[in-house]
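In what follows, chain A forms one complex with chain B and a second complex with chain C.
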Partner chain A sequence: MHKRSLGDLAIHSYFIILCVLFTLPIVAVVSVSLSSEADIVNWGYKLIPRTIDFSAYQYVFADPGQILNSYIVTLFTSIVGPTISVFIMLMFAYVLSRKIFKYRNAIAFIAFFTMLFNGGLIPKYILVTQYLHLGNTLGILLVNGLVTVWYMFILRTFIQQIPEEIMESAMIDGASEFRIFLSLVVPLSKPAIATIGLFILLHYWNDWMTPLIYVTDHKLYTLQYLLQRILLDLQEYTNNMNNLPSDMLDSSKIPGETIRMALAVVSAGPMLFIMPFFQKYFVRGLTVGSVKG
Partner chain B sequence: MVQKGKKLRYSLFVFVVAFSMLLAGCGGGNNDSKESASSAPETSKAPAASDAQASPSASGQTDASQLKPVKLIWYYLGTEDGDTEAVFAAANKIIQSKINATVEFHPMSNADFKAKMPLKAASGEKFDLTYTADYIFTYLDNVTKGAFLPLDDLIDQYAPKTKELIADDIWDAVKVNGKKYAVPNTQVQNRQSGFLFKKDIVDKYNLKDQVLAMKKMEDLTPIFEVIKKNEPGMFEIAVPPNYRKYEVTTKEDYVEQPVLKVPVGVDYDLKVINLAEGKYKEEKLNDYKLSREWAEKGFFHPDAALKEDMNAIKKEGKFFVIEDNFKPGVEADSKQKWGYDVYGVPLGQAVLSTGSISAALTAISRTSENPERAMMLIELMNTDKELLNLLTFGIEGVDYKKTGDDSIEVIAEKPYAGKAWAMGNQFLAYTLPGQDPDVWEQTAEKNKTALPSPTIGFSFDPTPVKTEIANLTAITEKYRLILTFGTSADYAKIFDQEIKEYQEAGLQKYMDELQKQLDAWKATK
Partner chain C sequence: MKTKVGKRSHYTARNVQLFLLASPVLIYLFIFAYLPMGGVIVAFKDYRYDKGIFGSAWAGFSNFEFFFKSRDAFMVTANTVAYNSVFIVLGTVVAIFVALLMNEVRSKLAIKVYQTTMFFPHFLSWVVVSFITYTFLSPTYGLLNQWVGKLGIEPTNWYFMPSIWPYFIVFVDLWKSMGMAVLINFAVLVGIDRAYYESASIDGASRWQLAWHISLPTLIPVTVILFILKVGHIFNADFGLFYQVTKNSPMLYDKTMVIDTYVFRALMEMNEIGMGAAVGFFQALVGFIIVIGTNAIVRKIRSDSALF
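Up next is the complex of A and B:
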């Protein structure tokens, strides 16, 4: 029997306090989102709402057709996007890791180079809308952020840890490069795929800048964009209160605290549920690509 | 041997990369670079090809059948509520019959507009008409970058009625270097501060006469004391006393501040004045003294000096007095905006300034392929009552029903909602319940009689004194809430400290630059 010491008590209570400090704000957010606006104005934030009031959620979901549509669009980009993205980056990383590839250093350099310089927003906008004709399509939602060179290098380092001998022996057995990739590399890289995949998933899920800049068709709005727009509009209102013609400000449309909290819950909620499932990969994956051998 | 080959390949590679970077940097010559060097707008870009279209008669009225059918694209502020497809289709029927054009309407929310329009303009995207203002997709910025076409000839030829509709000094406000680059959307163009008092409280304590008779901030103190005593849960007022803003009633006393957060003004002789000395300093000290008194008596919201966003509290009706732009019909507007009845009391005087006029403008993009047709559309939006109301209120019988010749009531649950001031002539719009039937006549009258600011048409170029302005603004912000909401009894000392900091930050330099630009502008008038 392990004797409980005072030291143990101290450590345990420290971590308990830490956990409470982390969860309290989330509880507060959920609680505020379930209160009525008047209560918040009169009594401030409370951990348990005085009266349960769903009006904030009613406001956020006021246009259910639009919200449903956006959920579908976001789900689509968040499932298809990371899948394609991880696949492409993994293939890229695999090629760069193969020692028999003559040009791997040159191409790695080119890839690295793109991390240093950026064309800027305007040239990108011109390229996307006028030359690639991807403006206002589902395509740009998928393509923007498809490959991040940094993640690709991490994957490359990870694959380099897989002993080259395995692949050589597969080649001797007559496997093509692609077969080696699919049957050997992919299964062995599961931790890396999970980690990088999670990062990419977060990126696609949270991305609201892409629709803001490129999308005007409201059937293509993503969920985050819809929610962010409410907040951005509010910012514009409060910044320009004195200048705007007064009937522009329909104060019933100005989100109060409760509505902002409801927005937070709706946008972050799904991710909060997915995270625990990726836990086991995440812990292992944290050191993925950092130490060789 | 292998080493040499490798080295050669690498150096060749680096050379190629460096060369391409050089090309990319030089490239910008034509229209797509945001940092276009041209400060003078490109008048030559106006497509010469469109001259070949129908030649208009002297009055600008053209026969629709003579014109080629074209498509116009229009971006403006608005929402996508309601059945926009039906409304736009109906609008296009009218537009087609009058000028043989189909219009693609693009209402955008504030945030969208702010993010997307600069990109569209900078990338040279083709569109025809756009909303612009002094606070979003800034008019002056875009004129400098050459994004808008000069409109003088087009207005004379294709929009003569609109030209007559708008007074000369309002046209002056949109002139840059003598040319007009946008058409002001006719709406309330003067600004006058007003205090809105909660009607139910005023009536409850029989304060109506006192409230409506108030002229100066001090008049409010006894009223507030009554409220404080009997309504402990309420906050009396959301804004601090400000002589310059609320009590100036004569032209002689009026001073325009080109940069709001810098205490320097311009009077009617176009002379630059330091607002932190002399009689202006006295005024400010009085303001702060009254603020202190009000703060001690608890008339302000306790968080007033910390928090700017009081909207939620205002919506709950916890303030006895709130401030807003006073225009004919403000009571009805306020009822819609805040949800309760108010008495509105106008303060100071109505002023026409470049800012208030540039609050709503329509411009034609230099990438437009049909600027004449675009101008004809502007003429329609400013003169055709049917079209304007269709695009503002929707379809009769579906979104609204008529309650009189010119008054309507909204009947749809999720009605189509357009903003007349974002598209054309607000004065053609029908009136809503709560608005006086002659609210537009009153507003037009007010526009005419408002005091025109001394600096209409003058745009201050801040680049030579950018650092000074930034520093001065920072100082103002540092002390503003402390002084204006009376949080300290030592306000006189703090104010002196602030003045000292202004001097050190380059207040004189800013004033000299401002005077220089004003004198130069005065000479061109």
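Up next is the complex of A and C:
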């Protein structure tokens, strides 16, 4: 008994050290955002602020123009994108699950093959910008990431768990395939929709790569892409702070170092706060996904 | 006879409906996956924006030649494969080890806390991760320079020091991906029937023996599947890790340039469209062969673990 509790103690200490290692970096970012600029300049970044100072946040919220704009763009794509995405992928997954469909294997192959081979970044870039003219549009922010083949196979596995008798009796009652899909499959797949919807939501919320490749217009910057630009060059952000109240306008006083981190907190915060609550959906999606389909 | 015809037309109608349901995704895949596949002909062209794909002159294999004769070819390929190999081996071992340890924790609350803490980096974009690494690595204010300063080491601009970056990259990748990998393994361990452990304990098995003979073997199927998936992608680097975390610092390219960032640079910075497309085609083709190959090998060894 004594030996067992000693082992437990070791295991818990191990995990506690791991957890500290995992949280420390976040603490550092938050702490810098809450420091005073003078402390940073004199002492460097600290894990614990020497004095708590909210002025970085005051600046961010006093002239939220660019970040507000990026928030709106990101919210828009994060709501509309996953909604369309889950709906059309569920439709496809339903068709994949239908044994009566003559071309089931053919369309499964068409989808699966795209997981094995792709044309690469450059042909896609030429297609999108030169032929579809989607460069610098909201459209490309929505379209990129709309379909993930792997998720469709996960959805199909979920749908296959619905007892076939339910669909058969609906067929005998004369329900069309659209009808079966809308009034049986959609309601019965709610947990799957939640799981996959979260995966996709995370993709859209965190998308910086689409604007990096396809967008140059400031108005279409997503949150994460705005952040990237800020890390490389803070001036890109502070130069656009024209609507500051007059007492904050003196550009030499803008607390650059702390504003940078405050912006990171403001952009990453919401998702970081929400996601752990949905952890069980992630686990379910992952375990189903790992089962051979 | 009549019923048979009726039934057949009934099924035809259903097939049409099903086809319509599948069509949005089919159209999407046609445009955004299959058209770009056709677009690989750019790799064989001297591509110019003003002339378009069909107007640009053919270049034969000169784009490939240009790439493979440069010193970059070996560097980016070696970097990509080496980093991915380390990620696969280290990631798999650590994930199994931590999941097995977590399986020994009895308190539900503690498990939940540990799991959530390790999982949250998964929700951060690489951009946010690059902010985090910057708080440590910033040459002027960074924590790392303060810490090594206490040991009497001069402040370093880490973004100019390629030799240390393999360690940084591996550490950051592990930090971000470990929670997810542990979660998958642990989900499998939770599914084990407790009766196995109990009967083994009654037979006098020690804690180590339980973990070694019951828990570990249970993890093999999921580990094999994840392994195939990862090996299949050994030619594909995580663009964000190598682009954002390094702040795309040119001083680090020798140690951090991978195929994906190289193609991006060919497109956006060097304006070597044809050459970039050739590299992309090379990457896709080798990736394809590796996936098919790994799957075939796994099918021979453990047919139930093969993906297709």
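Operating definition for what follows: the second predicted complex is superposed on the first by the 195 of 293 C-alpha atoms of A that agree within 3 Å, B and C clash if a C-alpha of one lies under 4 Å from a C-alpha of the other, contacts with A are read in each partner's own complex, and residues count from 1 in each chain.
Throughout what follows, contacts are C-beta pairs under 8 Å (C-beta built on N, C-alpha and C of every residue); 3 or more make two chains touch, one makes a residue touch a chain.
Source: prediction; values computed, not measured.
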| item | value |
| --- | --- |
| When both partners are placed on the shared chain, which of chain B and chain C touches more of chain A | C |
| Contacts of A:Thr216 with chain B and chain C, given as first, second, both or neither | first |
| First, second, both or neither for A:Gln235, with chain B first and chain C second | first |
| Which of chain B and chain C A:Tyr125 touches, first, second, both or neither | both |
| Which of chain B and chain C A:Glu37 touches, first, second, both or neither | first |
| Partner chain in contact with A:Ala106 - chain B first, chain C second, else both or neither | first |
| Chain B versus chain C as contact partner of A:Leu47, first or second or both or neither | second |
| Partner chain(s) touched by A:Thr114 [first = chain B, second = chain C, both, neither] | second |
| Residues of chain A at both interfaces, chain B in one complex, chain C in the other | 40-41, 117, 119, 121-123, 125-126, 130, 213, 232, 257 |
| For the chain B and chain A complex, residues of the former touching the latter | 9, 13, 17, 21, 24, 32-34, 77, 80, 106, 108-112, 114-116, 119, 122-125, 133-136, 187-188, 308-309, 311-316, 318, 324-325, 327, 330, 333, 336-339, 355, 359-360, 419, 421 |
| Touching residues on chain C, where the partner in the complex is chain A | 11, 13-15, 17-19, 21-22, 24-26, 28-29, 31-40, 42, 47, 49, 52-53, 98, 101-102, 104-106, 110, 113-121, 123-128, 130-136, 138, 140-143, 145-146, 175, 179-180, 183-184, 187-188, 207, 222, 225-226, 239-240, 244, 247, 260, 263-264, 266-268, 273, 276-277, 280-281, 283-285, 287-288, 291-292, 304-308 |
| Parts of chain A lying in touch with chain B, wherever the complex brings them together | 37-38, 40-42, 106, 113, 117, 119, 121-123, 125-126, 129-130, 212-213, 216, 218, 229, 232-233, 235-238, 240, 242-252, 254, 256-257 |
| Touch list for chain A against partner chain C, complex | 4, 7-8, 11-12, 14-15, 18-19, 21-23, 25-26, 28-29, 32, 40-41, 44-47, 88-89, 91-92, 94-95, 98, 100-103, 107, 110-112, 114, 116-127, 130, 132, 143, 146-147, 149, 152, 176-178, 181, 202, 205-209, 213, 224-225, 227-228, 231-232, 257, 260-261, 264, 267-268, 271-272, 275-276, 279, 282-283, 286-287, 290, 292 |
